[in-house]
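For reference, the structures are reproduced in the following blocks.
Next come two complexes, and both contain chain A; in the first it sits with chain B, in the second with chain C.
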Partner chain A sequence: MTSSAAIGRRVAPLLACIGLLAAWQVAALALKNDSFPTALEAMRAVPAILGDKEALINILASLRRMAIGFAAAVAVSIPLGLLMGRSRTVAAFFNPLLMVIYPVPKAALMPIIMLWLGVGDIAKTLVIFLGVSLPVIYHSFEGAKAVEEKMLWSGAAMGLSAAQCLVRIVLPAALPEILTGCRTGLVLALITMITSEMIARQSGAGNILFNALDMGQYDTVFAMIIIVGAMGIGLDAAFEKVRARLVRWSEPQFDMPLSFS
Partner chain B sequence: MTSRALSTDVLLGLLPIALLIALWQGLVSFELAPVALLPPPGLVFSRLLQQLVTFSFQQEIIATLFRLFTGFLIAVALGVGVGMVAAASPAINATVRPLVRVLAPLPKVALYPALLLLLGFGHESKIALVAADALFPILLSTYYGASTVEQKLIWSAMAAGTPRREILLKVVLPAAMPSILTGCRIGLVISCIVVFLAEMITSTDGLGHVLITAARTFQAVDMFVPLITISLLGLILNALLQAARSYLLRGFPEA
Partner chain C sequence: MKVLPSRSSEVATPGPARQPATAMIEIDHVSQVFQTSARKDHLALSDISLTIEDGAFVSILGPSGCGKSTLLYIVGGFVSPTSGSAKVKGKTITAPGPDRGPVFQEFALFPWKTVLGNVMYGPRQQGVRATEAEAQSRALIEMVGLKGYENFFPKELSGGMKQRVALARTLAYHPEVLLMDEPFGALDAHTRTRLQNDLLNIWERDRKTVLFVTHSVDEAVFLSDKVVMMSRSPGRIRQVIDIDLPRPRRRTELLLDPRYQKYVVDIERMFDDIDEAGVNP
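Moving on to the complex of A and B:
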């Protein structure tokens, strides 16, 4: 690949951002709606939010919950997914349960979990954990299923135990697919974080967003949308960097994850 | 797979669900959890059956389904259309790709307040949110499917004198169908999730609204009913899509 193409690839998303903001600006100017501020007005409100100490603490608390929920989900889901991929019995055991849980919005469990655990951090982190788990399990499962049988035979012939095979052969071989799942999970963690805070309405980024909506502070609403959107795009880009480093040997199938479920 | 192995698998799969319900019942029976917080499963399921035959609850389901389908269909039309065109034309690809790269990881729920302000509190804002969320998996899998179509197929069609537009419709689209349907399946699950969330945030009807009403009055039984209903709806829709898939992909080596 030539370097100009590489530069183009790096600049293109930036251009897309600018284009979207410009389209927003034009639309807002054309509509002249009180509840629809222009992109510039919204961006001017961003520093005010980030400068406000309480808002900043709220947002950081949200991010902390998200990080804990995401890490816990990844730690549990990858081994489970790999086991499901390698053992038909384990897969048959868990698959129907997962299919039943899949269409249930995890954030919708928030009211029930709040009844049991209160509105604190535990409830919100648990919801994020649930939301992230499913795609990670699914992709680990698919990845482990696709591991070439011959490699496992070679491993077994060289005297690796089943557990060693799983860690030394299946895990690295399934890693590209697992990381695709993690990437989906990361975006999902952000979505679940916002929704859970929106429903619990006590603290966090989602709370700021919807409180501003209720109070008619439209600048703040749109500024929060910019902040949350930037978080999503930033986290995704950062993760993509890590992924590219970890699985340098595997040419990415496609540079965007397919499932944002 | 023999039918016997299949039925063992089914039994094995039902086991954790049965265990979960047994655990649930156990928690209630041994009074580890108060009934007000965790109603027994029997009560929840009988309440569900009782609700399913009432007219008002059916209205809620219909409202949810209407939004779900409209949003999902818009996402399918846009996703398949844009995905195909982006795979076929380098110029459009160069525009669409960075846009998708920026928009796909954006948490769409955060856009919901903006959609509310722009489109109002009725059906439109919820449909728009469902469509925005379901769009990207469908678009990406269409694009992926269409850009990995075997070149020989396209060359053969060109050699037979097929015009470009028809190649897209008659060769590329069918060849990309498995991938498109995988994207649709993901999009459908997302639609279920999102429509429910949107109804929970602001709505006067729909299953999400039923949950919120129950939560405000601390009716634990009524909170479980819409959740189980959306899970069942998801399963049914998934089965329907699976049936459509095996019909559309008849003749493919492994459907």
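Moving on to the complex of A and C:
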């Protein structure tokens, strides 16, 4: 059964996109400002960028750093968050550390990190790593803390050791919460990726964007914004697909892919 | 009608081959103090001593908040008592173990596992081969009346169904002692009666030791060899009543049995006394 409500849910995002582009087009035409190209001009520049080999190499380099930074952050943050959630001692040790790091914009650490590690891949990947870590640690921590005690007792009665309980009960039980953190982390990875390249201009999608800005190629600037935005939406939607599949056992949640959640 | 001798008369029968009943669980002067959020000490259990024989079915009865669950957790090894000690087969309880299987009031199913996955979890953990564990688990799921629900997730079940899965999950790994915390509390009268009968059948077949917490006088008398009456604030053992009724017990027959009726009425009166005492501490 495809009700009109279901069709509406499908069409609504499309309408929103078209509406946004139309508003942009009208505003740009009305303002007639050099630094504000119309939506059509910007979109016309997109294939030009994607067709350029150099630009493509830059974008792929960005994505590679982002993937590595994200994967490393998730691999470290999930175990750390889970341990913090189940052990007061571990939490007491790491909590002050995280509280200090939390409010600092990770890109603001870029200059120092560059000083130590240079402007290459390592520095930029590290910033992405830091950006992704905090939400993943936080959500893993909250998820682990909320695991029902009787569930762990049930496991212990079946003969699971403490370590087995952590991997085989706390991890799956906290998975919905963990994946919420990972999803926020993914969007943050994209943001820190661009900002790190803004500060350490050498390669990458951010590099193309800010170089174009310096040279006054505003259609390229806006085309890059469209490309980065599309990457973000695509990654987020893909992640949401995976997430929904992994936690279909969980309580039904508001299942619309909201990126700012 | 065939009336088998009751367990207590069996034990009382003199004979050289009869082993004296051995203690399975010994609770020795156990007290439990909880720190409440108001930073005041709350005495939940006060000086509890109780011995449960191997193969006995013992019910704990008492008003809400008298410490029934807490006592069960201590025997399970999930909570260590503030003072006193609890032993299973002569060994002091320090941790949970597969010899004591809990069925929690809150079910505590694994929500990421299906019904079958939940029931198979214990046997698999104990190293039973997957095919064998699955066959046993399917039989247990059928026994608790959930055939056809094997691939459902806990969130897709009603409260009573979850409770039955929890029971099957614990039975699946064959603990010697069953620690059941109001396992039939969320069931309708009909299912409740059916599962009481099933539990009695299992118990009569395997002679597990059962520690059974309940609010229901009727249920306690129907199922048990012994009913432990507790009183509230602090939780104390008020009285231990031996239920001397023949087994196997049939509910329809027992309801007409004056001895059964007397047990129920006597215990219900005692319950009323405790309740009144609880209102004016």
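Some notes on this structure:
Everything that follows uses one rule, which is that the second predicted complex is superposed on the first by the 243 of 261 C-alpha atoms of A that agree within 3 Å, B and C clash if a C-alpha of one lies under 4 Å from a C-alpha of the other, contacts with A are read in each partner's own complex, and residues count from 1 in each chain.
The rule we apply is simple: a residue touches a chain if its C-beta (ideal position, glycine included) is under 8 Å from a C-beta of that chain, and two chains touch if they have at least 3 such contacts.
For clarity, every value in this text was computed on a predicted model and none was experimentally measured.
Of the two partner chains, chain B is the only one that A:198 touches; chain C does not reach it.
Judged by the number of chain A residues each one touches, B leads among chain B and chain C.
Look at A:40: by the touch rule set out above, it reaches neither chain B nor chain C.
With both structures placed on the common chain, the touch criterion links A:238 to neither chain B nor chain C. When both complexes are overlaid on chain A, the residue A:157 reaches chain C alone and has no touch with chain B. In the superposition on chain A, A:146 makes contact with neither chain B nor chain C. Of the two partner chains placed by superposition, A:56 touches none, neither chain B nor chain C.
When the shared chain is aligned, no partner comes close enough to touch A:22: not chain B, not chain C.
Residue overlap on chain A between its contacts with chain B in one complex and with chain C in the other: absent.
Touching chain A in their complex are the following residues of chain C: 73, 76-78, 95-98, 100-102, 104, 106, 108-113, 121-122, 125-126, 153-155, 169-170, 173, 175. Chain B meets chain A in the complex at residues 8-10, 12-17, 20, 33, 37-38, 94, 97-111, 113-114, 116-118, 133, 136-137, 140-141, 144, 182-183, 186, 189-190, 192-194, 196-197, 200-201, 208, 211-212, 214-215, 218, 220, 223-224, 227, 230-231, 233-235, 237-238. Remark: chain A residues 148, 150-151, 153-154, 156-160, 169, 172-173, 175, 247-252 touch chain C in the complex. The touching residues of chain A, counted against chain B in their complex, run 12-13, 15-17, 19-20, 33, 35-36, 88-89, 92-97, 99-109, 111-112, 115-116, 187, 190-191, 194-195, 198-199, 209-210, 212-213, 218, 221-222, 224-225, 228-229, 231-233, 235-236, 253-261.
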